[in-house]
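There are structures below to look over.
Shared between the two complexes below is chain A, which pairs with chain B and chain C, respectively.
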Partner chain A sequence: MSQPSPELSPSRRDARIRLAMVLTAALFLVVAARLFKLQVLQHDEYARRADAQHTHTVILDPARGSIFDRNGYLLAGNSPVVTLEVYWPSVPAGSESAIDSLLARIRGAGAEVPVPDRTGVNQIIASDMPWEEALPIISGPVPIGVNWRVGARRTYPLGDDAAQIIGRSTRDCNEGLEREFNSLLTGEPGVCLVERSAYPGMSITSPEASGTPPVDGDDIRLTIDARFQNIVQEELERAAVMSGAEWAAAVLVDPATGDILALGGFPVRAPDGSLLANPCISSIHEPGSTFKIVTLAACLEEGLLTSSDSFDCSAGRIPVADRMISDCHSFGVLSVEQIIAQSSNVGTIQMAGCLADSTLYEYSSRFGFGARTGIELPGEEEGLLHRVSEWSRLSRACLAIGQEVAVTPLQLAMAFCVVANGGNLVRPRLVAASRGTDGWRDWSGIRPRRVISEETAAEIRRILTEAVETGTGASAAVRGVSVAGKTGTAERLGFGAGAYLSAFVGMLPAERPRIVCAVVFDRPDYAYRFVSSLAAPVFSSIMTRLLASDPSIALGVPEEAGGVAVLR
Partner chain B sequence: MRARLCAEGRLLMFLTAALLVAGAMAVYSASGFASMRYFGNSHHYFAGHLLRTLVGILLGVCAWKIGPGFWKAVALPLYLLSLALVLVTIIPSCPIAPSINGSSRWIVAGPVKIMPSELVRFSFVILVATLVTRGSVSPRTLRGVAIISFLGSVPAAMYLLQPDYAGAAFLVGTVLVMLYISEARFSHLLLLVAAAAVLLGVFVVSTPYRADRVRGWLNQGQEVNGDNFQPEQSCIALGSGGILGRGLGRGRQQRGFLPEAFTDFIFAVIGEETGFAGSIAVLLAFFALFSCAWRISAKADDAFGSLVAGGLTASIMGAFLIHVGVCLRLLPATGMTLPLVSWGGTSMMTTLVSLGVIARVATGVRR
Partner chain C sequence: MTRRRQLLTAAVLLGTALAVSQIAFYNWRIVLALEMRELEEIRTSLQREVRQLENRRAELTAPARLAEIGSALGLAPLPLDRMALCCGSAEGRSGDVATLP
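For the complex of A and B:
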């Protein structure tokens, strides 16, 4: 033990060190208290602030659902597109030439390029470049400061041929299935939580981050047959242009199920390029003679007449209230069957004379007129069917021959489906199935509603076959298959003299129809006012081409074993 | 060397080892991002830390084996050497003392980077203990107090030229503690404290960035801006850790939000990753370490050992309190390593040598 310095006292030193220890303990208590405050009491507040500066949320876009036709052909899909942009502050000085050559390459690929604005911050230099064109540019070295991202662009392989059914996914388009099923097709966007560092460009996607993946939109399979839709569009356009019609519409429907096979319209676009509503569901008109099947059905179903009962139509005209309604020429005495086949107004009005007002109204209503069909398209018109209480003394006669009633081409087609399928009103449908995360799911149809008996329907089909074979609808005949159908020529009131509507609604094969087709042309040139020169031949050519592409419609499914075609 | 370590000495060694292990883990986690950013791998700083820790342990063991005679013999040369090193840092535009962050506190010679201020505290403690126990200076006289104060004031004045005000304040604090445990009169101490407070106050107010830091410290809980960015980020790190922390290696603040995460703010990183539980554990480990050291100082057989142990304990504890105080925003922002834990060679080695010396004192204590 060394000698302690005389002035130093170990006991004093000891006391001082003990005091130092007490002081140490006090300081540690202060620190511990502060830690408790920060880490326990203020944890929520600081955790929030930490999240705010660390976590960066990236929205993940879901893929929009595709739309397919009944055979699985794509009608609306997505294709990848690339958007390139320059973040000018990141472009190193002296490397502007690299940007210029990139712009030249983009221009070479056929895209428009803006004038470089070097004083700006972020500049898009190519937006929505097709993937194939952008690939050679982005697969090579991209100049520093240039970023690119992949997006999706909606594509419609059929072009405008199905545009009035599908619509467009752009925000300003209110037509079609893209709009009707927008939420189904859109899906749910996901979020990705990215952990950010304090330095730009050094972020990580945290594996434990609670992001949610996007849920892609559902795919939709339609009842539309792309081949038929093409044929219908082409034939409509050709005939409408030739005849100078204001608009034309054609509905192709499977009468048994209500499956819409094609929904053709003309014109597709307004002069300004915007998509027009489909005339099949939006163009209402007085149907004229095609409506006579309702009168016929009412008389037969109620048992008031048989097809062999006859009426005297030799006057060629008939007084109704204070008006005269006439035929195009006088027919003489006609049976019920002949009245329909020859489309005699005088005869039909006499037939309607057997009916009570309410009966005629009720049948009109039960055939689906005056109410929306419920097809899955926005903007469907319900037409016009006056209640009996609103009728004048003229109304029964007018309604019997398809006046004072306004219908859409689709309503007309669905009414003929009642005749075609043995007496049931079916609801038209466009969507057959949709595919979500759990695979394809069929959309069930609505239960059909019986309107007339099978026998009445068969009898009307027989009469309508007669109308095509011997009557007004002769030019609607299709080689190799029996057609039943009804013509309709209606004066278009309010559009001046010589304004007519030319319509034909037919079905084939007449014995057991597989397809119903309504063709309507509005206000063609005067030379084309007769159905025999416009709607009926267009029906014929549409059906001829349809049967060529799918003979089973007329011939049934070929039997494998014997090679003998039988009707199903 | 037959004398055995007392219980406090053994606990001291155990705690040192535990803190070294915890520190290595914290350094790895805290430096990984910066290492990746600047060197492309996650272990650059960690590897250096391990190497320096190893060298530090070797030096510490040497210090433990060396007797007090050696320290008494080299006390003055060591002090002069450390003064010389500090002098180098204040030579204007000296090539081996570059200005880092506006202050030249380091001597850089190739891969070796020395912080002379760490060395100064150590040599000052040894020198004062030697002078006092040799009887050359009597702390109980005004003359003795003046001499000891002067020995501390010379490097402190040089710090002001670096400039390193926190370092100067820390050294002044070490001088006061050294005087206190060498039994200086309280009247003298009070006089010194008053003088030091006035001087430091003048320096703080006269330099804008210093004043800004103090203002940033006073304006707590406000939006993060230039003045209080670092301290607020430190609080966010600790606060977001909560009770149990985000998990080892899962801290987020070291990704550039805490600029000196693995040196001056490593306690914040520990707090974020291990939460209140972890930071309290580290706190307790240090408290136990310092308690052991104080007890060793109190139980020392001779005055020299007692003074050396007490002075070095105060020196390490001062660094600890400054570091934790800054991390917790109890003190204005300044750069101070956490002894035994932070990345930083000079601090690590000085601390381990100091603990070696304390351990040596512990081998000779009364049972």
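For the complex of A and C:
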């Protein structure tokens, strides 16, 4: 009987080796294919998953842009604040005393501290603590489970003086310019990828991460002058409190450019503390006699009258349709110049008699009434100017003396700018420039529109100077400087007997005005109903303080050959 | 030493060198990242300080405060009737002066 050989036959052994080689090669192929799929085809996906496991994304808040006045004074900035919170599940048992001690330190820094709620999860223990108060607390060891983050709070160094222009920016809402330019001021948030670490506080910015830095919001430079704004607010508040006026407004404008230098309002806040809208753009009223410059301009520009033409105003009243319009007393025969200086209603209505309805309406419209001025503030009213087709038989006479028309104090000031700058209607502007990543960029104004000729404007300025020197605006005079201006008293219909509006709009120096100022008080006490006892003296006070603060204003708009102005 | 042993030694040395350089590179990267974080914190802190100082400067130079301090020091603006303004320059306003009459 033969035994099977323990050795494989060579052919069989070769076959087995080949089989093993094929299997090994196949195995390698499978591994290689899998590797190819993981490393090449699905590389991005797995790389992303890996990144997500060992890094996390932190959103970087951009700094909100600051707001400056025309001289670089900070009107709205940012102040760092710290918020501290406890994540109670992370607080080790037995270390509550450390938290209590921290709360005591926060309380000691003057911040309000809530009652610890250890059954909760996340609790804010200090919100928006000023940086300097929070620094001693967070720079030392902070108990486990307590986190802090730094944010920013908007600050307004000028207080409420410019609050009705700048507005306020809070977590809940934005107002004023803060709202109008919110997208410009906000900037773009950035992203930072941080590598996770097993040790708290040791996370590091990933050196390979492709995060994007935040882009801070643009800074804005306004045309406002903080010194003038402060003066205007102080004078308005003093006079409004003294006279018991419901509201008061004052506008300061550079007539050559339309730059708003101050935009004051009173009251600034409602009894509940909320910010009120700026009355310079949101309160409409009948302009009264201040509107007579439109009638005068139309008559002079159309060549229908000269300033020496005269009208008989001796009756002291004039019948219009079925109504009688009167002066405060009879003046006799007055020239056009005297009619404006004495603010005679009877004379002005006779002047308007020379004009066609459409002409008076056209000039009213060309002076900017009945349309928004386009100032960069939200909530501007457009006023009211009826079309000729809507007029009654009374309308022309009423419009000529500033009735049946509603305006804002800003519209009034811009209309007087036409007279001050030689006949052009300029658009008011509040923003002079903005600063982004590429530096300061000036914001160009809108091209002015001619309303009346330079000669007519100069003639009106002369007549308005007469109104201050010898007429109703005498109490608006400023010592040493020539002032041109017009008073306006309007009865406030719908507010009961004895409700008046007192307004004065003036410019100085009268020959080459650098500043136009409109001052309006609504419903002061009866004793203050006349402009001479309220709006005009306030104009004088504001201008006197302005000149003391910046005497170069008295030089007026510089002429090419230079000039001299002496205050005596 | 056989040729085979030489090759093995070289491979081990090369591997060790690679491993050490890898560890060194990793540590260097961590050190740089920590430095970067430190610098970032300094930058943020300086930015905060700049903002604080800007706010402080604005508070100190507030017009109402300056007027109050000026009055207390007897530096209130001169009355208008004690001022004379002269502008003698045709180019710009560089010739402006303010003098008492």
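Keep this in mind: the second predicted complex is superposed on the first by the 482 of 568 C-alpha atoms of A that agree within 3 Å, B and C clash if a C-alpha of one lies under 4 Å from a C-alpha of the other, contacts with A are read in each partner's own complex, and residues count from 1 in each chain.
Going forward, contacts are C-beta pairs under 8 Å (C-beta built on N, C-alpha and C of every residue); 3 or more make two chains touch, one makes a residue touch a chain.
All of these numbers come straight from a predicted model, not from anything done at the bench.
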| item | value |
| --- | --- |
| Which of chain B and chain C A:34 touches, first, second, both or neither | first |
| Contacts of A:440 with chain B and chain C, given as first, second, both or neither | neither |
| Partner chain(s) touched by A:8 [first = chain B, second = chain C, both, neither] | first |
| Which of chain B and chain C A:78 touches, first, second, both or neither | second |
| Touching partner for A:49 - first (chain B), second (chain C), both, neither | first |
| Which superposed partner A:195 touches (first chain B, second chain C, both, neither) | both |
| Which superposed partner A:20 touches (first chain B, second chain C, both, neither) | first |
| Partner chain in contact with A:227 - chain B first, chain C second, else both or neither | second |
| Interface residues of chain A shared between complexes with chain B and chain C | 195 |
| Touch list for chain A against partner chain B, complex | 1-2, 4-10, 12-14, 16-18, 20-21, 24-25, 27-28, 30-32, 34-36, 38-40, 42-43, 45-47, 49-51, 53-54, 195-199, 202 |
| Footprint of chain A on chain C - complex, ascending | 29-30, 32-34, 36-37, 40, 44, 47-48, 51-52, 54-55, 57-59, 61-64, 67, 77-81, 83-90, 93, 95-96, 98, 101 |
| Complex contact set, residues of chain B against chain A | 33, 37, 132-135, 138-140, 177, 180-183, 235-243, 252-253, 255-257, 271, 275-276, 279-280, 283, 286-287, 290-291, 294-295, 297-298, 301-304, 306, 310, 314, 317, 321, 324-325, 328, 330 |
| Complex interface listing, chain A residues touching chain C | 63, 66, 73-75, 77-80, 131-132, 150, 152, 155, 157-159, 161, 195, 204-207, 226-227, 229-231, 234, 478-481, 544-545, 547-549, 551-552, 554-555, 558, 560-568 |
